[in-house]
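In C-alpha cells below, several structures.
The two complexes that follow have subunit A in common; it is paired with subunit B in the first and with subunit C in the second.
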Partner chain A sequence: MLKYGFVGPALLLLIALNIFPLGYNIWLSFTNYDLSGGDVKSVGTRNYREVFNEPRYAAAIRTTALFVAAAVLIELVLGYALALALRGEFLGKGFVLTVLLVPMMLSPAVMGLFWHLIFKGDYGIFNQTLGAAGLPEPQWLTDPGLKLAACVIVDVWMWTPFMMLISLAALNSIPRHIYEAAEIDRAGAWTVFRRITLPLSAPLLLLAVLLRTTDALKQFDYVMVLTGPNDAATQTLSALLYQTSFGSFRVGLGTAYGFVVLVAVIAVATLFTRYLDRLQRSR
Partner chain B sequence: MRNIVFALALAFAGCGDGGGSSGPGPGPGPAKDGPKAITIWWAQWAPADGLQELGRDFEKETGIKVTVHQTPWPDYQNQVNLEFGNRETKFDIVIGDSQWIGRGASKGLYIELTDWLKGAVDMSTVHPRAAKYLCEYPPGSGRYWAAPCETDAIGIAYRRDWFEDAKEKAAYKEKYKRDLAPPATYEEMRDIAEFFTRPADKRYGVSWLTGRGYDALTMGFEQVLYAFGGSWGDEKTFKVQGHINNDGAVAGLEYLKSMMKFSTPDGAKLDYGQCLEPFDNGSTAMLVNYFAFYPEISKKFGDKAGFCPMPKKGDRRFASLGGQGMSISAKAPKERQELARQFIKWFEQLKIQKEWIKKPAGFPANTDILKSEEFRKASPYNAAFADSVDILVDFWNVPVFGELLAPVQQYVGEAMDGKRSAKDALDAIATEHEEIFRKARENGDLPK
Partner chain C sequence: MKIVRMALIALYFAVATLPLAWLVITSIKHRDDVISTDARVVPGVEFRPTLRAYAELNEPVKGKNHSFLHFLLNSALIALASTLASVALGTSCAYGFSRFRIAGARDWLFFILSTRFLPPLAVVVPVLLMFREFDLTNTRLGLILLYTSFNLSLSVWLMKGFIDEIPRAYEEAALVDGYSRMQAFARIIVPQAAGGMAVTAVFCLISAWNELGFAMTLNNDDAAKTVPPYFQGMIGKIEGLPWPQIAAGALLYVVPIVVFTVLVRKHLLRGMTFGTIKA
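The block that comes next holds the complex of A and B.
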C-alpha cells in the first residue's frame, strides 16, 4: 500500500493534466466546437474526414517531415562533431561548454524574434555579414525556397548544444580500456571511430534523436514568429492546428488535427523505442 | 506494450513546454472599484489611449468608471474570442474589427442595438459606408450590432520634402514628362516608386501592407483589387467565381506584386508595424498603411510628411476600410449592459465626437464633422482621411470570415513570393471561398 501512496499523487496529477485533457480533446474532435463557445453538436467523423481530405494537411505533413529531417540530422552531425572536439580536457573547457549551452537555455519564441531581426533583408546582421564577405544576400523570410531553411537554421542554433551534451555523455560512457586495447592492436583513428566510438555511443545518440524528433514534430514557435502560421512554405502541423482553431475558430476540427498529430508522434516514438530496446538487448 | 507506454510518456513530456511562450493575460476584469463601472476591450494603439481619456471625462460627468483594456493587435482577436467562450465576459463593450460583426451577430455574442441605436444616435449623421461596414449585419439589412467608434482607411503617407526638392522634381519631370506630385493614379504611383528606388543608397519607393499574419496582406491588396475591377464576390448571392478572379483582379494582383520591386528587400512581408519602419527610418518615399498610424508619422516628420488618399485606376478609386465599432457583449451582466449603453450614447454625441477627433487618430463616422473645414484642417492627414471615407470597401463580415481570410492570405502571399501566378492564386481563392460558403450555407451560417 505504501508504494501506491508514493505513486498516487503523481498519478493523479498525470490524470488531471494529461489523461483528462486527452479525453476531452478526443470528444471535442467529434463536435463542431467553436472558439467562442455556443451550441456544441456532434458531427460524427466529419472532422477526421476533412483532415484526411484537406490538401493543406498533406502539405503540412510534408513541411513538418522536411523540417524534422533537416533540423535533427544537422543537429546530430554538428552536435556529435562538437562533442568529439570537446571530449578531451583543455584549458577553459568549462567556460566553452557553458557558452555553447546558452542558446538551449533561452525561450524559443524570444529567439525567434531575435532571429527575425537577424534575418531581415535590408539591415539584418546575417545579410550584412554575407554582403561584407562578398556573398549573395538572400531574402530569408520572403523567398519561398528559403523560409523553411531559416526555421531550420534557428532550430539548429538552439538545439545543437542539446545533441552535443547527450553526445558528450555517450562518449564519456565508453570505457577507456577498450580504447587502450585498440591502441595495443594498432587500430587506426578511423577504425577506432567506426568500430568503437560510434557503435558504443549509438544508443544514447538514438535517444537524443528520439527526443529531438518528438520535439521538432510539434514545431510552432519559430514558424509563428518568423513567417506566421498561415505561410504555405513553413506551415507545420502545429501551425495548421493553430490556424484552424484560432484563425478559423474551428476548435473541433483543430483538435482532430491535434489528435492525428499525437498518433503520429506516438507511432514514431514507438518505432524508436523498439529499435532502442533491440539495440540494448543485442549488447 | 511497454514501448507504447514509454512512447506515450515521451509524447506527453513533449507536450509540456515547447517554447515557454505565453499569450498576454486576459486583462483586468470589470472594474470593481466603484459601484458603477464598465470595461472596454480594444487593441493596443493610439485611439485606445484617446478613448481612455474620454472615459475619464465620462466618469466625471456620470460617476461611471470606464476602463479601456488594450491588447496587442496580433493577439486581440484570439483574446476576445477566447473570452467569449466564458459564461461571462470580462468586458462589457468590445471594440471589434468590422469583420467580426457577422460572427458576433449570428453566434449571439453581441447584443442587437437596432431599436436602441436609432433612438440614441442620429443615424443619418453616420456616414453610410461606416454604418454598413462597422455597424450593420447583414449588410444593408438595417440591423445594427455596433455603434461607430473608430473609422479608419488605408491611405498614403509620403515624403513631401523629397517630392518638393527642386533637383528631384527636375529629374522626375525629365524622365516621366510630368510633375512630381502625390500620385493620383496607380500608374503615377508606380512611376514615383520606381523613381525613388535607389538600393545602392538604401532608398526605396514604397512600403506596402503585405504582412502574412491576420489580415495585413488582404487589406493591402483589397483596394487594388477593387480599383482594378475585381471584388471579393456578390454580397447577396455569395458568388465568388468571376469576381475575385476576373481579369481586373488578376491585373491588380500583378500590379501589387510588381510594386515589390520598389520596396525594401523584405517588402512582400510587412505587417502593420513592420510596414511603418522603412518610412520611419527615412529610407522610403511612400507608405501605404492605415491613417490611425499616421499621427506618429506626422509627429516625427512634421512638414516633411504629406498624406493623400489611395490613387485611381481609370475612374475607380477605393480604400480598404479599417476601424471598429462598439458592441455590447451579450455575456456581460444586464446592469453593465445598461451602463455600456449609457457610455455609447454619450460617446456618439456631437460635442463628444468633436472631442474625439482631437485625440490622436480619433477618426469619426459623423458626416458633419468629416465635411467640416475644422476637421479637415485639424491635422495634416485629416483631409486625406475624410476623402477616403467615401471610397471605403471591406472584406466579408460573415461568421466564416476567418476561414475566408486564410486562403486569401496564403494564396495572395504565394503569388507575391512568386510561387504561383496571380491567376492561379485567385482561382484557388475562388474555389476555396465557394466551398466555404457552400458549407456555411449548409450549417446556416450565412444570412438569409
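The block that comes next holds the complex of A and C.
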C-alpha cells in the first residue's frame, strides 16, 4: 500500500485539475451555458454542428496551420544550420551558446509586448535595421497581410534556439569513427552530409519537430499580446477559443470547439509520445 | 568554410540579441528618446541616460490601482509556492514509479505526460466554473494549485530519470540497517537527488513565471494577477504606453530567468525533452 502513498497525491491532483475539467468540458459542450447568465439546458449536438459549419473556425484552422508550418519549418532549417556552424571548438563558444539559448526561456507575453516597440513602423528598431540594409520598412502590426508574419518572426526568435539545441545533441551523438571511415573512402563534404550527418541526426530532429508542433498548435501568448484575440489576420485556434468563451461569453459553443481542438492536439501528441517511447526503448 | 560558419553565427547572434539589447537601452531612456523617428542607440551620445523608469516602477500606470511591483510580487509568490509543491509531489511520485511495481505504470506515466499537451484554453472554462464554486478565482492559491498540477508532468518525468540513475543498493543497505521506507526515501534518495530536484525546480519555476492563459482567464481583477496578464492587458492602449517603464519592468522580469538559464544550461536539453535526451 505504501507505494500508492508515493504516487497517489500527484495522480489525485492531476485527476482533479485535468481529467475532471475535461469531463465537465464535454458535458458543457452539449449545453447552452453562457458566462453572462441564463438557464442552462441541453441543446444536443447543436454546438458541434455550429462548429463545423461556421466559416470562422475553418479560417482559424487555416491560420493555425499556416503559422505552425511556417514557424516550425524556419526554426528547423535555421536551428540545424546554426548547430552545424557551431560544431567544433572556437573561442567563447560556451558564452555564445548560452546567450543564444536565452530567448526560449523568456515570457512570451512580456517580451511580446516589448516587440510592439521593436516592430513600430516609423521608429521601431526592426524597421530601422531593415532600412539601413536597404530593405523596405513595412507596417508589421497594422498591415493585415503582415500581422501573422510578425507572430512568426517572434516565434522564430524565441524557438530557433530550441531546434539548435536538439540539433547539436543529434550531431554530437554521431560516432566519430563513421566520419573517419568516410575520410578514408575520400567521400566529398556534400556526400558526407547527405549520407551520414543528415540521416543520423534525423531521429532527434523529428522529435524536435513533433515537440515544437504540439507547442505551436497551442499558440496563444504572442497572438494575445501582438494583435489581441479577435483579429481576423491572426486568429489561431486558441485565440478563437478565448474569444468565443470570454469575448462572446458563449461557453457551450466554446467548450464544443475546445473539445474539437483537443482531439486534434491529442492526435499530434500521441504521435509524439509513441515516438518518444520508441526512442527511449532503442537507447 | 570556417569563415561562412563564423559569419552565420555572428549574424544570428547580432539579430537574436538585438531585442534584448534594445530592452536594456529603452529602459534607461526618457520617453521622448524612445519615440523619436531616428533610432537613438548610444547612451550618453545620442540620448541622456536616466534611471527614472526604474524609480517609477512603484507608481501605478494611468488607470490602474496597483504598481508593477504588486504584480511582480504575485508572480514571485505563485511561482515559488507552485514550484515547491510540484517538485515535492513529483519527486515522491517518481520515486514510487521508479522503485515499486505498479500496475499499468507505463500507461500512467504516459497519461501524466499527456496532460502537458492539453491546451490550457480547452480546459479553462470548467476550471473557472470549479474555481468559482470554491471561491478560488482571483486568489493566489487558485493559480498555485493549477500551476502545481500543470508542472507535475514535467516534474514526474524529469525526477524519474534522475532517481532511476541512483543505484538501488544505497537504499537497500539502509533498509537492511533498519530504516523504514520513508526514512530511506528522506535520508538516502532526497539528498542523492537534490541536484536533479534543483534542475526540475528551475524548469517548473520558469513555466509558472511565464504562464499567460490561465492567469488572464482566472483573474478578472488585479488582486492575484501576475505580470504576463498585466502586460497583455496593456495592448488596448499601446500608443500612450510609458515605454521606458515597460522596458524596465520587462527587464526586471526576465533577468532572473536569464540567471537561471545560465545555472541550468547543461541540463536545458534534458528539461525541455522531459528527460529523454540526457546529453
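Everything below uses one rule, namely that the second predicted complex is superposed on the first by the 251 of 283 C-alpha atoms of A that agree within 3 Å, B and C clash if a C-alpha of one lies under 4 Å from a C-alpha of the other, contacts with A are read in each partner's own complex, and residues count from 1 in each chain.
By our rule, contacts are C-beta pairs under 8 Å (C-beta built on N, C-alpha and C of every residue); 3 or more make two chains touch, one makes a residue touch a chain.
Keep in mind the model is a prediction, meaning the values are calculated, not measured.
Visitor: Please work out whether A:T142 is in contact with subunit B alone, subunit C alone, both, or neither, and reply first, second, both or neither.
Guide: After superposition on chain A, A:T142 lies in contact with subunit B alone.
Visitor: One more residue to check, A:V96. First (subunit B), second (subunit C), both or neither?
Guide: The answer is second: A:V96 touches subunit C but not subunit B.
Visitor: So in the superposed three-chain picture, is A:D34 touching just subunit B, just subunit C, both, or none of them (first/second/both/neither)?
Guide: After superposing on A, A:D34 lies in contact with subunit B but is clear of subunit C.
Visitor: Between subunit B and subunit C, whom does A:I166 touch in the aligned arrangement: first, second, both, or neither?
Guide: second
Visitor: Considering only touches as defined above, state whether A:L82 meets subunit B (first), subunit C (second), both or neither.
Guide: second
Visitor: Taking the superposition on A as described, I'd like to know which of subunit B and subunit C A:S107 touches: first, second, both or neither.
Guide: both
Visitor: Answer with first, second, both or neither: which of subunit B and subunit C does A:G228 touch in the superposed model?
Guide: both
Visitor: For A:F259 in the superposed arrangement: first (subunit B), second (subunit C), both or neither?
Guide: Touch status of A:F259: second partner only.
Visitor: Considering only touches as defined above, state whether A:D122 meets subunit B (first), subunit C (second), both or neither.
Guide: Both subunit B and subunit C are touched by A:D122.
Visitor: Tell me which partner touches more residues of subunit A in the superposed arrangement, subunit B or subunit C.
Guide: C
Visitor: Would you please give the residues of subunit A that touch subunit B in one complex and also touch subunit C in the other complex?
Guide: Shared contact residues on subunit A: 18, 107-109, 122, 211, 214, 217-218, 220-221, 224, 228, 246, 262, 265-266, 269-270, 272-273, 277.
Visitor: Give the list of subunit A residues in touch with subunit B in this complex.
Guide: By the definition above, subunit A touches subunit B via 18, 32, 34-38, 107-109, 120-122, 127, 137, 139, 141-144, 210-211, 214-215, 217-221, 224, 227-233, 243, 246-250, 262, 265-266, 269-270, 272-274, 277.
Visitor: Residues of subunit C touching subunit A in their complex?
Guide: Touch list, subunit C to subunit A: 1, 4-6, 8-9, 12-13, 16-20, 22-23, 26, 34-39, 89-90, 92-93, 95-97, 99-100, 102, 108, 110-115, 117-127, 129-130, 145-146, 148-150, 152-153, 156, 181, 185, 206, 209-210, 212-213, 216-217, 227-229, 231-232, 234-236, 238, 243, 246-247, 249-250, 253-254, 257-258, 260-262, 265, 268-269, 272-274, 276-277, 279.
Visitor: Per the contact definition, I'd like the list of subunit A residues that touch subunit C in the complex.
Guide: 2-7, 9-11, 13-14, 16-18, 20-22, 24-25, 28, 78, 81-82, 84-86, 90, 96-118, 122-123, 125, 128-129, 157, 160-162, 165-166, 169, 172-173, 189, 204, 207, 211, 214, 217-218, 220-221, 224-226, 228, 237-238, 241-242, 245-246, 251, 254-255, 258-259, 261-262, 265-266, 268-270, 272-273, 276-277, 279-280
Visitor: Using the touch definition from the top, list the residues of subunit B that touch subunit A in their complex.
Guide: Subunit B residues touching subunit A: 3-4, 6-8, 10-12, 14-15, 18-21, 77-78, 81-82, 84-86, 103, 107-109, 202, 211-213, 264-269, 278, 283, 400, 402-403, 405-406, 409-410, 413-414, 417-419, 443.
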